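In the two complexes that follow, chain A is the common piece, with chain B as its partner first and chain C second.
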Partner chain A sequence: MLRLPRLRYLRPATAGEAAASLSKLGSRAMFVAGGTDLFPNLKRRQFEPDTLVQVPPLKGVRRVDGHFEIGATVTLAEAAADPGLRAALPGFAEAAGLVSSPPLRNAGTVGGNLCVDTRCNYYNMTYEWRKSIGFCLKKDGDICLVAPSSPRCWAVSSSDTAPAAMVLGASVVLVGPDGERELPVAELYRDDGIEYLAKQPHEVVTAIRLPAPEGLLTAYVKLRRRGSIDFPLAGAAVALTLDGPIVTGCRIALAAVASHPLEVPEAGAFLAGKRLTDETISAAAELAAKPARPLDNADLTHFWRKKMVRVIVERAIRQAATPSTT
Partner chain B sequence: MTQVRLQVNGAVREAEAWPGESLLYFLRERLGLFGSKNACEQGECGSCSVFFDGELVCSCLVLAAAAEGAQIVTVEGLEDDPVAARVREAMVAAGGVQCGFCTPGFVVAMTGLLRGNRHPSDLETREALSGNLCRCTGYVRIFEAVRRAGDALE
Partner chain C sequence: MPEGLRTRGGVGESIPRPDGPDKVSGRFSFGSDLTAPGMLFGKTLRSPHPHALIRSIDVEKATGMPGVKAVLTAADLPGERLYSLHKPPDQPVLAAAGDEVRYAGEPVAIVAAEHPEQARAALEAIAVEYEVLAPLLDPVDAIQRGSVLRELTIRSGDPDAVADVVVDGYYEVGQQDQAPLGPEAGLAIPTPHGGIDLWVATQALHVDLEQVEACLGMRPGAVRLHLGGVGGAFGAREDLSIQVHACLLALKARRPVKMWYGREESFTGHVHRHPAWMWYSTGADRDGRLVFVKATILLDGGAYASSSGAVVANAACFGAGPYRVPNAHVWSGAARTNTVPNGAMRGFGAVQSCFAYEGQMDLLAARLGLDPIELRLKNAIRPGDRLITGQALTGAAPMAKLIDLCQGLPEPPAPSDSLALPGGAGNVASAAEVVRGTGFAVGFKNIAYSEGSDDYATARVRLQRGPDGAAVVQVKTAASEVGQGLVTVCLQVARTELGVEAVEIERADTTVGDAGSSSASRQTWMTGGAVRDAARLVAAEVLKRAGPPAQALAGGHVLDEEGAALAPIELFLDEPIEREFEHHHRPTSGLDPAGQGDAHVSFMFVAHRATVDVDAEAGLARVAQVATAQDVGRAINPLQVHGQIEGGIAQGVGLATMEEIKLKDGLIRNASFTDYIIPTSLDMPEVAAVLVEEPEPEAPYGAKGVGEPPLISSPAAIVAAMRAATGRRLNRVPVSPEELAGLSECRPGWLVRPGQSPAEAVRPAPPL
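For the complex of A and B:
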């Protein structure tokens, strides 16, 4: 039986109070929003805090001059179903709707999805399993079981919405004990499987701001074993602007091919100024797949996952360019 | 221990829970409602499905303490629900029940689906029930039960 450890559970009224609690308690405490990532991890003893601090309700999807502001505790189901978001930024809405399963999207939040823990086949296992094979760097051990000669952890960034937000040039609003700041989503992550977030541990994500300029075309395509539930084996987010047949701007970012959501600027830059044809799309996808380095620590073989990155990037570009036909 | 007070199946219920206790454990062990099943405890299988303020959730991933003041409906609370009644009949008639362990969770999820949409497409059904695993039936008869229950609700 998998039980949560004994925990103190605090429900502060505001984000500021939540940040103050965490700042006082330090590494003994963690935030919880929907709990759909954290609770399974706690049951497997992947973290051992003694206190959980509930992120207070931060609701609402608002459109304010040219961008959407989504409260951090808006559920993935709410974001995926929001008519304004679906019409203006289908890539982000789709990414939210492709996370996990319907009951988990009813509980899981947009803020929690951006902060979701990195994953690895040697880590997302019960305490007994990890103990029997030998603990790894990310928790309780001192070597990486995937790359034993490596001094770092290569656990995989597995958020579907993070790359979809990144290609929009989105930012998060962070509240700490001393006030508020805005941080681009692109700067929220670090290239490290353990310390994967660049924000302070006591900073609460209170909202995400998604620019939604007129005429922006977006898409997100996800690769996974089953058609639902599974974390991404790879994901491709695209944001595109066209002037007639000519690409005027393009950003592409990938999920689940590194310890952070990976933007591939070369691929976007290559397409700028060109016509979208089978050849240019395929060449851009080739460029996008180059820096993707899936390792042998997720489902299916990493050779196949690497090959599939090109395929899903192609699909995402086509889907963004021709939303009506997909 | 902390005292948790919430509404379950229309009645106010109150019991002690240890901090960190899941809503699933609370429903089963404190309130004696054994309809919600305890299987994976990690959000993978849906056997613990309940409605939390009207939304389908996995009760194994909700803290009992976080349900303070909430309205919970378990499979037991669907006894007199007209949609759930058709779902139960259709599950039996279509052969959607074998060992039965997944069944309460499916009945809750199917009721949620058919409340909003009497005639879901195959794809909508698959997506709506994708959080529920069944190791016995192969799903075909469960999908058939959704169609039969939808027709019976006309």
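For the complex of A and C:
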């Protein structure tokens, strides 16, 4: 069986202390919250820190001034079940509720899912397997096994909550050794499979702020083969405002089609000012699918996953709009 | 008989299994839970290449590392260097320097250390120099180069028979993993006198024992095997895994050694279901009566023989389906390639060919404008008919009745909530996007060992007074409880024969005679039969001691011929009674060069109807229901039979919709349960099952096996339902979303005339 390496485990009392610990220890240490993604990765030696720094409890879902503030260690199960979130931002609550399986949602956190490591089926493999085939860029190697001529890593962002947060114009609260700052979720990610987060490694996510204006319609559709457990093969998050039948605002973001959650502003902009019809929805979905670039490093073929982006965006727009169109 | 004299919990009752509460509450000790004071941890160094020459192996550095107590290579082997289920053996215990490794994952060296991480570090320190060779991966290519494990042709009837209507089809079955939740595990403990005890999660203690003795070079009696708790098997534990390695390390280190694989290692540590490539031609007259079946069934056997030979025979013998087929020409064969060996998995060759012949029946029905169920009824095989191997059906063969009963089962309602739609919890589909299809398929397969094997099982039954003076039965066999419920069956049999409810099923080990393998759906018949026969000898002794007018045993009493109690059984147990019996089934014969012969002792038949909801745009499917009628002879324990049916259908749903080991350049790409996906409870359909109990004349209590049929034709029925919903060809399982959405099709990489050997295959012309 695969075992965890020997690790030192620190449990600081505050986020500030956690950030200070990591700042001092540098790349030898990593944050851990629920551990549902990190622990299997450690067993496969995808990371080799000698110290884990526990993110202290940062609980609570609060509604303040037209937005929700969710503590970073609120579990995915808690977020998915929160009545306020479910009523006001069903797309985000759904996304949290679609991550993996019930036991993992009971341990996995909202902050952890926003920061979850990118995936690739050349990388999320045991040490022995990776050694067999030759290590890759993301760990121990010097080429990308998916796109050998590429100078970069193409591991895939598999967060369900990130695109759902992005379309809301959400932001995260980051605490570093020198204090706190707020960063829009849209700026939290970088288009790189290795350095996929734009925050400093020692900055800890303490909360996520989700704007929830009156009348905002949201949905999240997750494509996977089974009813549970699987990472997204693709996901589509939509946030929509309507004035009668006319779209007054629309944001669309995709999961699992790039190394970061991918907002597709062209598609949202196309719908703005238009009436929602089969034709406009379909055209917006076509636009949304264009920049999606799935590669051959997840379950099923990239050809099918690319084709499905249009399908799930269409369906996500319809789902978001359903309350007002029926 | 007065209620007090009835023996409760005997044959025919749905009693709960004795190991159930411990298993569901986490108290049961599985193989991976084994522990002994001072034990070391064993680990295996495996080849990273599918094909390479080992130039050298240097273990010097590893040997001196902290905590390392033994490092062994082929140079240290004390006995036979090769092992196998196949004779003569062909699989190296450890690949030797100067020899080749033939699949990625083949064991090259083994290490035992005080701590698993020390063992792991030692493996890292072993230097193996490989000269990488080109792997042989295409099975047709392999056959054409003469790399063949077995090939077999069946010819019956008129080779030139002409049919009014002929349909041709090409089918593929992907490589399925047995995916038992308990990975390979065992614990070897040296005895003070140079022998060894091995606790291991296995399907067949004596089959393992024979190979372990040979490879350790030990005399009979020096090695004892004990059954460790088995967490599922499905064929994955028929071949050796840790057995010889753990013993070698324990003998070398003179310490107990535990070995257990993780999930990832397990994928290369056991055989899988043979992937298949099948070319079929089926002919019928205008009324739909079958005239001929011609088929080429090509299996990838992987690097070593394992049980490929028997799988090839099964795929061929049952390759025309449970139908009256007057003329047949079937070629079946397994190629030797550079992949992980393939071998036993639930259904054992019958699953692969069923997917093809049932696809053909639907094509034929469409061509003739007949209802697919009517076509099957018209051709259903009946008692007295001959199989394509010439064997006459002498036992129960209620094929037509199964079809009738299955088609009459209630159909499921439309999905009522979004979780029941394709894509399930993912919100993908709404009811508007879903089309429902229904498909039907039938299948059959042999029970127990075939082709002239002397198949037998041994049981020892002891009847004595327990501590409180009441009669207690002890049943000892070497048969493996692998989750199927054999312990319950043995308990029920002993109760029925001896009229005593207090029955202890002792832990299986090799201190009693061979019981054969828990495979081929055979243990209810074979070990159940041995327990019955041994118990009957014990009962005869009780009656002899009681003397006239004693006639029978029930409810803890000796009864007279009217069923009145004469005396409690324990009255006659001043001396315990112990009897042993070896139950053999009727001898079978081999297959002649035309594939003719009475190769099988008995057959199990089954019908499945699947209802599948399809989102054809996204290519997602959810199986709403599988209805089934199964020929069980007699249900010893109906509850357990239903459990076996549901479990087999779960694996059938997996094969039809998602389960496939994916290889790239000979390496397994999805060796984990993240990437090799199996159905969850959300993906599991409702199962509506009806048991058909027509007693099998030769079987103890008339009971046939039940483990395999649920998996034989359920995949074919599910795919038929998907075809009905979409109109697509879907000639490959698992059906990919891409194929279901009509975005791609599976086409043959080679052209083969059905019945012909792939040695004659040619590449298709490139598309214009």
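A few notes on this one:
Going forward, the second predicted complex is superposed on the first by the 322 of 326 C-alpha atoms of A that agree within 3 Å, B and C clash if a C-alpha of one lies under 4 Å from a C-alpha of the other, contacts with A are read in each partner's own complex, and residues count from 1 in each chain.
The rule is short, and it goes like this: contacts are C-beta pairs under 8 Å (C-beta built on N, C-alpha and C of every residue); 3 or more make two chains touch, one makes a residue touch a chain.
Remember, predicted model here, so these are calculated numbers, not experimental data.
Of the two partner chains placed around the shared chain by superposition, chain B is the only one that A:35 touches, whereas chain C remains out of contact. In the superposition on chain A, A:307 contacts chain C only, with no contact to chain B. By the document's definition of touching, of the two partners only chain B reaches A:54; chain C does not. Of the two partner chains, both chain B and chain C are touched by A:229.
Legend: residue contacts after superposition of the two complexes on their common chain; A:131 is shown touching chain C, with no touch to chain B. Look at A:2: by the touch rule set out above, it reaches both chain B and chain C. In the superposition on chain A, no contact is made by A:13 with either chain B or chain C.
Looking at the shared chain after the overlay, A:219 reaches chain C, while chain B stays out of its contact range. After superposition on the shared chain, chain A has more residues touched by C, the comparison being chain B against chain C. Shared interface residues of chain A (contacting chain B in one complex, chain C in the other): 1-3, 5-6, 101, 226-229. On the chain B side of its complex with chain A, the touching residues are 2, 18-22, 25, 38, 41-44, 46, 49, 52, 55-58, 60-63, 65-66, 109, 126-128, 130-131. Those residues of chain A that touch chain B in the complex are listed here as 1-9, 11, 34-36, 39-40, 43-44, 52, 54, 77, 100-104, 106-107, 226-229. If you check the complex, the residues on chain A that touch chain C are 1-3, 5-6, 94, 97-98, 101, 121, 124-126, 128-129, 131-133, 219-231, 299-301, 303-304, 307-308, 311-312, 315, 319. Chain contact summary for the complex, chain C toward chain A: residues 32, 46, 48-49, 104, 116-117, 120, 183, 260-265, 419, 423-430, 433, 617-620, 622, 657-658, 667, 669-672, 674-675, 677, 679-680, 682-683, 736-738, 741, 743-744.
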